[in-house]
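Since the structure comes first, as structure tokens, the remarks are kept for the end.
Which chain is which? They are A, B and C, in the order written, and residues in each are numbered from 1.
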Amino acid sequence: MKFLVIALSTIPPPLYKSHLSSPRLLVPMSTDFLRSPTNILKAIFFNPPKTPKIQPLAMAACIHTSRAENSRTSSLSCDPNGSQIDDRVCNYIKYCRPNFSDLVSCVPNSENHSKSIRIPEDLGSFDPVQNQDDLWVRMKNEARSDILQEPILSNFYVNSILAHDSLESALANHLSVKLSNSGTLPSGTLFDLFLGVIAEDKEIIRAVKDDLRAVKERDPACISYVHCFLNFKGFLACQAHRVAHSLWSNGRKILALLIQNRVSEVFAVDIHPGADIGRGILLDHATGVVIGETAVIGNNVSILHNVTLGGTGKASGDRHPKLGDGVLIGAGTCVLGNVRIGDGAKIGAGSVVLKEVPARTTAVGNPARLVGGKENPIRLDKMPSLTMDHTSHISEWSDYVI
Amino acid sequence: MKFLVIALSTIPPPLYKSHLSSPRLLVPMSTDFLRSPTNILKAIFFNPPKTPKIQPLAMAACIHTSRAENSRTSSLSCDPNGSQIDDRVCNYIKYCRPNFSDLVSCVPNSENHSKSIRIPEDLGSFDPVQNQDDLWVRMKNEARSDILQEPILSNFYVNSILAHDSLESALANHLSVKLSNSGTLPSGTLFDLFLGVIAEDKEIIRAVKDDLRAVKERDPACISYVHCFLNFKGFLACQAHRVAHSLWSNGRKILALLIQNRVSEVFAVDIHPGADIGRGILLDHATGVVIGETAVIGNNVSILHNVTLGGTGKASGDRHPKLGDGVLIGAGTCVLGNVRIGDGAKIGAGSVVLKEVPARTTAVGNPARLVGGKENPIRLDKMPSLTMDHTSHISEWSDYVI
Amino acid sequence: MKFLVIALSTIPPPLYKSHLSSPRLLVPMSTDFLRSPTNILKAIFFNPPKTPKIQPLAMAACIHTSRAENSRTSSLSCDPNGSQIDDRVCNYIKYCRPNFSDLVSCVPNSENHSKSIRIPEDLGSFDPVQNQDDLWVRMKNEARSDILQEPILSNFYVNSILAHDSLESALANHLSVKLSNSGTLPSGTLFDLFLGVIAEDKEIIRAVKDDLRAVKERDPACISYVHCFLNFKGFLACQAHRVAHSLWSNGRKILALLIQNRVSEVFAVDIHPGADIGRGILLDHATGVVIGETAVIGNNVSILHNVTLGGTGKASGDRHPKLGDGVLIGAGTCVLGNVRIGDGAKIGAGSVVLKEVPARTTAVGNPARLVGGKENPIRLDKMPSLTMDHTSHISEWSDYVI
């Protein structure tokens, strides 16, 4: 039977996290760490795993070895495609250029190498049906499927998803890699911070899962949970905000504001950590979104890019919009001041809203008007944030003359 | 008495800058440099400080040592909270994971280590009252206060603020770290460039200080000068523009345009280096701001995010807006062409302005109209850029019918 | 005669690419690689060039040496300014601080050093007239001219332009440096990917050249092709999209979506890889542009920043706008739904368009109206995307009352 032997220098360190006894001795997941093969070796041998549950996949040489030598007892090893997948990854290795890390490898990559580590057999083995309702299990399955389609991204998927034992850890890692700044904010520091906050504030991970489902459900361009998790900057900005909001609420304002800044730089989404945001949120495209300190956003809200929930005046205090549940706000819209947008209301793209919008009505234009008129506005019978219907109001919009 | 002994490998190099005799021998402040403990040691011993005024704070072990061993004669050592602060930082160290730099330390961290360096006693000692009017002194005090609240950010604050002997140096460093691009634009090169320009063109630092005061005064979300300095990308984009504009005015167009590009990528703020911008500027949130080559902006102007001061046509020449003093422009507004916006004028959010707006009037809408009418517009009696009042005009805005 | 001797550690590795026999042995162009002088030496001596055509320019010491010692036979060596240029670069070296890479150089920089490499004599020698119509030759000439103006950027220009033997290679490199993420997406991997796609899909490089000409022709702020190539994030985002679209069309959706995400983070431009974009495109300023999956854009189109070509509803399928040839769309405009914008149509800044716009007409406002009226709209006689005239319609726009 074939196995993959990978050069130790290519092993992503997060993988070993779960095998270390003390959480304080975790190997840092920062990219700096990855640059030193010595550090990686140290990390491995410091507290070697006795019964490793997962094994790393990385760009590596493909050799034959005896399975008996290091047999595994995995409940997931029933996958009949196991060896086929190994072959595919092997083929991929032949035509892919090695990474930099391979070039500096200090570990000879031979059949005699006793520290050879095999890739997980369950790379392509999907989890049993009984776990299918678990979002994290689905995401790992999606990640395995993506690797089969794009072996070139194996390292990326292992580091970002498969090396983690929980959605919490994967999220803390992904955010810390995105928001770190070499030289000022090391990703290791951010990872510890994020993981600590997410572990403590259980509301966050509930909201994260609802957000993942919201994006997958409402955005036709979202092809999988893992696609949203890895690639949607609106999703990531929202989760970073949840951490910052938790810090802010616990009096750690300096840190919260620093996270706000990094999110604004990296994702071009500027959410004040004081803003109170519900669950099941879709920030679609997200570039240019600005949400002020005293804004409140209900559950199941969809907000397009370039939307401002802004204040007015230089006085502090309660000065930003309050959005009910199920609200949809189109691209490029400004809602300014401490005004209420009622449950299930819809605001068209490019609108400027300075007054209250009643529940289940549609406001459009600059300045915004209620479709159907102020006195007797047309009532929506579906939740606009869920239908994502931005344009059906135009048949009611008498000014539209093209 | 307790002192902190820090591993030399964690010392941020900028600290030693002021002790080196020749400015050409400064250790580079680039992040690359920080990755090599050898370089840091070299920098320290090349020209060791005789009577160090400040000492680095970094993540470190906490040990007891005799004060007499290495006594300091600081005018700021009267702070009665000194030892209390040390304790706090020590406590922090116990629960904080070390950085990568600690792991690669080549200096044993023990009581016998003769090169032990103590943290500054004046970490929490605020400067005497007579200096309180100096903005830079206030910023350093704010930085010390922030470290006490968030010891996890000690390195960040030391590198960004406390290690510098002037606002000029701190600004050049912070901008260079933000705008550098590993592999193409080293932060060391940018630092030298920025510092050189700021040192030569004295108008820049005057404007920087006015901008800091403007943000602190007008933005209720700004909690301190140092918060603005470290976190407000609109502020940083504006200061990078000031450097680029100085280069542009001195014929160094290639460099100026490169800075424009990096600012556009990193902060999503695109200001042509030819634009002439006054002092006391607030670019709030700043994402999506675009300011063209021949635009002129007066003093004490406030501009929200997604504002365009754009040209028209493909002809070169004077083709962009001219803003007077005290103008306020709301989010998402386009002002296009070589039109004048008079002193103290206000333009509402989401407006499109293609014609002159008289002084102290309010223009709103798409296309923009003058509040009160073209013939007899209502005159503002307060400077809108200072009040930041975006919405009071709506009571005069007859079209607004919600 | 004078020559420049450069420290080997400062040689950008891409330079040697063309001298290596096997494409699989290319030295990676990632920034990681550049950090190791050993790797660079390895790369050089692995397969030393016999008759080097170009030689690197980098920050270096300036010494006298005999030309006969290592004579060159270049068809371009007739440049009479050769030695003058060397002097200028030498002078520059005296006042420029060395890079980090110089500090870690393991190669002594002396006259006796047998591996001395001279800078190319043709640094300032412009190519003969017969090649002037070749865009890539012009770009290299522009790069040489820029280096003379700003020697501090020598490394940047060599790495980005002069070290490459084709526009394809330079583009793949520049995009990979911009879009890489240390720790997750190595620039070497991206470079291989981009170069492979561009080499295979010949339409891409044709479109790239048309885009370069479009930007240079239509944007008065663009001073040269190389200025556009290096600095215009709209141009770069568009080219990254062309690669992503090619991958998407070949079923490599995972990779295509990952590139979309990185472009959205790095350039704040979010183009779905499914979008079909013609040639001769200008994305001016580009921040906040969002283009949906089923959007189609014709040739010679100009789109300003913050423009949305968006969908509506959560149903998948054909749901985004279709733009004809020669369309101009002003800043901050939303076009939503599967509507057609006819050839040569113009849409004013800040407009919201939900219906078809006939060819050669102008639509402005929120909601958009046709200038001249729906029944008999005024016909444009010039292509608006080429004139870039955003504002002449206002004389026809009766609502504009300021």
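In this section, a contact is a pair of C-beta atoms (placed from the backbone, for glycine too) under 8 Å apart; a residue touches a chain by one contact, two chains touch by 3 or more.
This structure is a prediction, so every number in the text was calculated from the model and none was measured.
With rounding to the nearest 5, the Cα superposition of chain A on chain B corresponds to a rotation angle of 120 degrees. Comparing the residue numbers each copy contributes, chain A and chain C share less than half of them at their mutual interface.
The distance from the centre of chain A to the centre of chain C, with each centre set as the mean of the Cα atoms, comes to 29 Å. The set of chain B residues that touch two or more partner chains comprises 30, 182, 268, 287-288, 306, 332, 350-351, 366. For chain C in complex with chain A, the residues that touch the partner chain are 24, 26, 28, 30, 32-33, 35-36, 39, 181-186, 188-189, 192-193, 252-255, 257-258, 260-261, 264-265, 268, 270, 272, 287-288, 290, 292-293, 306, 308, 310-317, 319, 332, 334, 336-337, 350-357, 363, 366-370, 374. Here chain C touches chain B in the complex through residues 30-31, 34-35, 97, 99-100, 103-104, 146, 149-150, 152-153, 155-156, 159-160, 177-178, 182, 187, 217-221, 223, 227, 230-233, 266-268, 285, 287-288, 304-306, 330-332, 348-351, 364-366, 386-392, 394, 397, 399-402, going by the rule given at the top.
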